[in-house]
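Okay, so chain A shows up in both of these, paired with chain B first and chain C after.
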Partner chain A sequence: MTKISLYQLFCGILFFQQGTTIIFGFSSGAGRDAWICTLLSTAFGACLVYLFTVLMRLQDGLMLTEWFPALFGRYVGVPIAWLYFVLFFYDASRIIADLKFTINMIMLPDTPEWAVLAMFMLVAVYMLFNGIEVLFRIAGILVPIVTALYALQIILLLSSGTMHADFLLPVAGEGWARIWRNVWPLSVMQSFGETLLFAMFWPLVVNRRKAAKVSVSVVFCSGLFLTVLNLLIITTLGEGVYKRSIYPTISMLRLISVGDFIENLDALGLMFFIVTTFFKLSFYMFGCVFAFRQLAFVKNDRRIIVPLAAVSYCVGITMSNDIVEHIQSGFEELQYYVWIPLMIGIPVLLLPFAWKKSKKLKEGT
Partner chain B sequence: MKDVLWPWGAQMFVHYPWVVSMAFGAAALLLSCLTWIRWNKK
Partner chain C sequence: MPLRFKGSRDWKPDKSKDAAAAAPAQEEADGQALSGDLASDLATFKSCFDRLSDMVFREIRLAGPRKAALIYLDGMCDVGRIDTDILKALLQESTGQALKDAPVDAMLGRIDEQIVHAAQTTKDRLIGSIADHILGGKTALLLDGVKEALLIGTQKWESRSIDESPSEPVIRGPRDGFTENIRTNTSLIRRRLKDKNVKMEAMQTGRISKTQIVLVYVEGIADPKLVDEVKARIKRVDIDAVLESGYLEELIEDSPLTIFPQIMNTERPDRVAGLVLEGKVGILVDNTPFALVVPVTMFDLLEASEDYYQRFIPSTVTRWLRLWLAFSALVFPSLYIAITAFHQEMLPTSLLLSIAASREAVPFPAIVEAFLMELAFEGLREAGVRLPRPVGQAVSIVGALVIGQAAVQAGIVSATLVIVVSFTGIASFIFPAYSLGVAVRLLRFPLMIIAGTMGLYGILLALLALLIHLAGLRSFGVPYLSPVSPLRASELKDVLIRAPWWAMWWRPMETARMNPNRMKRGLRPRKPERKG
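On to the complex of A and B.
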């Protein structure tokens, strides 16, 4: 039977929340105040994840897609549950599209994108065949390594003398309106709202009572990571470049130069990106497989892994023409029309029903 | 019209976001039929 430890859950959520955010820049619209934006989003994100964990405790032992049929019956609950499958599937495909543009623009400009993505997808499929426990275990092994590399990156940046603390001033110089505009909804939803996916995996955790605490605490840890990253980028590049750059982390790492010897460390940034993207994609695909298995009464996961991965690959590769329209559709439309209703609207509506049912069950016992 | 429909995801989202959200709902409803059929078979 699959069992996930609390440490593995912590590492899995941490990688998931860093995801593609680590390379695209978090709250970059807020310019030099992005770090304040990140701190505020972390606080709101923690509240949101807390809401998810309350729902999880009220529906003890059930996966996200089981919550709705259990509360609303088969004719109302099942379509809502399938909505989450569609959401996870679309988000997984978006990650493939993110990767398609990033790899071509930064790392392998002449290699056909379909080939790189096919290789990436093959590894993800291999991971899906191995099972969710293996993915969480690998996250547990890789988090200390990635954290050490992250610390190394900070040391190298400090020693290359490219950081200017005055780039952060004046703090909130353009007013709080710009900060709030970036906090809600994009920054709250982008990493923290997406954590709703883990409601598919919480029933597999050894200690579910503590899983709630761990899930909220990892939001603070992730927020701290992102705040430090934002501070590094702003003090290195300044507001102008940070706001305009699509890949600010890569631009920052390219500026590292220690004694004219340690240079061109953008590979380090890409390594972070590939690792965190791989985890995010794999978690989303696992979410899809679990949801499909549960909703379509499939007995064996293995029969649906390859078809789901193949369709997701095709959707991801044909999704957008260029990075600009890809980002525009994701950052401007997706959040209002899909993320907010599904990640905040439905969970908030679900809360009184779940509470009432749990109260009834307690009274019954 | 072709420019809006292809590549299907991004342009459609930018111009007609409500259509995409409706498509999400329609996909979920279609898939629900699979559950209902299998449920009745059990």
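On to the complex of A and C.
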């Protein structure tokens, strides 16, 4: 029986929430006030994750796609559960599209993108065959290493003298409206709202009561990471570049120069990105596999790994024509039509039903 | 989960062919008991040991007069002892009192108790098992009219004396290494661990080789489930011969298709003793100086026994150095390829210029260049093991020239690459466990190919895949990367550092969960208070 320790859960969620944001920047629309934005959305995000954990506790031992059939019966519940499968599948493919543009633009300009993605997908498929436990385990190994490199990066930035604290001023100079526009819904949904995926894995954790606490606390931790990242980017690049740049982290790391020896560390940044993206993709793929196994009554989930990965590879590679279109669809349409209803709407609606049912169960016993 | 080939688990041998190969023609005689008639029994044995030129049948006449015979295998026995302790004793006694008025049934007992001067004797009735004992070096005494044979332990054969283990030398630490004689080997461990709870269970495997195997473990520390599992896996082995512990290693490991060793082999008795004290099981195999230890983690394989004998601060630093060099041995050549082929901008300008200058005359792309040199190096290494001693000098001179100066001057490879290759070469020999070193050395090559096609991105993904693989491996149920993953923070004291002995209170939980307490608390030496 798969069992995931609390430390591994912490590391897994942390990597998942850093995910692709680590390179695209977090609420960069708010310019120099992005860090305030991050702090606020961390607070809202924590509330949202708390909501998810309450639902999880009410539906003890069931995973996300089992919640709906359990509450609403087969005819209403199962179609809703399929919606989540589609959501996870779409998000997994979206990550592949993220990669498609990033790797080619920054690291391997001449390599065909299908090959770059195919290699990534192969490693992900290997991961899927090894099982969810191994994924959480390697998260436990890599989090300390990545954190150490992150600290190194901050030290190098500080010592190369490219930071200007006055880029942060004036604080909230453009008014709170701009900050608020970025907090809701974009920043709350991005990474924090997506944590709903872990409702698929919570039943595997050793101690579910503590798992809820860990899941909320990891939001604060990753909020802190992102705030520090935002502060670093703003103070090195300034508002103008930050708002315009697609890969602000990379632009920032390119400015590192210590003693004319340590230079051009964009590879380091890209390394963070590849690692965290790999985790995000793997978690989504595992979500798909678990959901599909449960909804389609597949006995051996090893059989569906390759077809699911192949389809999501094809969807991801044909999803959008260029990075601007890709990001636009993520920031606009997806927010209002997909993420908000599925990640906030349905869970909030679910709460009274779940509460009623668990009360009934308690009375019954 | 490890990959499996279809049907590999349930492969069944073809029974008819097997039996024919294993059993000699005299199979039906094996199950028979002795008849009691010396002449016919001797005839049975003679036909059983047909065409065995090293088998000796010695017929004698005791008091009574009663006929008797000794059967032994020349070369496996101490003939001097047979002469003095058995033959002389029997023949002199034949005129004495012990046998004179003894009834036939009690004679063998009298001989055993009063006449034969030997520490080890047993009695047996079955021809098959008597024959096995004789082949194992015991001397059989048959007595006319008695349906039992006395088996006397006279085994002795030529063996190498105890030497320093050539594969695991140390600066500080005991110098004795295992030999080919399993009895010597058990005594080397027994001399270190004298407690009665240190069990040495004997097993046997191999249809023709009849190899003796001894399991060493400490009862009360080792998990009984683990011991049972080891026994079950060894019992499952049904093979004609086990000539070296390597046979057994491949037959009992968890994932047969991985490049990483999941079982440790060592020539050092102190190493086995140390690991057995942590709740592991040692497997000694006769006729080889290499003992196996299960289960092991990757970090066990990265530790040398000397780490525990040197002071803890140098040992800690050595461990860091070892981890760092182990990692370099894996990725250094591929990093060179990736950076020179794809990411030149990562290097400082002056270094980039000097690398570019040294590569100017080289006609090959970086990956071909690196492959040429790495292959030459690996070839030199393998040749160095295999070559007859007198030519050693010649090969090392040629090697140094070819891989060094001449290759650079001829414009075949760049000087930078020679540095990379030689550094990697040194780094690849830092592994205390040769088997892990081999794995890393081999993995370097696929990594170089990936680096040559996908640059740093490829290296990173390949390392991720490697990590996934390692995190999924198990050695007798113990995760290969424990205690790092799954994390047991308190046990990192023996992985990331080597904690001082007075702080190593606990044995590793993964194997010694039953009895984790290693020492009394508060052993840390304190400054003596000054008197007066």
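Basically, the second predicted complex is superposed on the first by the 365 of 365 C-alpha atoms of A that agree within 3 Å, B and C clash if a C-alpha of one lies under 4 Å from a C-alpha of the other, contacts with A are read in each partner's own complex, and residues count from 1 in each chain.
FYI, a contact is a pair of C-beta atoms (placed from the backbone, for glycine too) under 8 Å apart; a residue touches a chain by one contact, two chains touch by 3 or more.
The shown structure was predicted, so the numbers you read here are calculated from the model rather than taken from an experiment.
Engineer: Which partner does A:H326 reach: the first (chain B), the second (chain C), both, or neither?
Structural biologist: A:H326 contacts chain B only, not chain C.
Engineer: State whether A:L295 touches chain B only (first), chain C only (second), both chains, or neither.
Structural biologist: first
Engineer: Could you please specify the touching residues of chain B with respect to chain A in the complex?
Structural biologist: Residue positions touching the partner: 7-11, 13-14, 17-18, 20-21, 24-25, 27-29, 31-32, 34-36, 38-39, 42.
Engineer: Going by the contact rule set out above, which residues of chain C touch chain A in the complex?
Structural biologist: 1, 342-343, 345-346, 348-349, 453-458, 460-461, 464-465, 467-469, 471-472, 479, 481, 484-487
Engineer: Using the touch definition from the top, list the residues of chain A that touch chain B in their complex.
Structural biologist: 74-75, 78-80, 82-83, 85-87, 90, 93, 97, 295-297, 315, 318-321, 325-326, 328-329, 332-334, 336-338, 341
Engineer: For the complex, give me every residue of chain A touching chain C.
Structural biologist: Within the complex, chain A contacts chain C at residues 5, 7-8, 103, 107-108, 111, 115-116, 119-120, 123, 126-127, 129-131, 134-135, 137-138, 140-142, 260-265, 267, 270-271, 274-275, 278.
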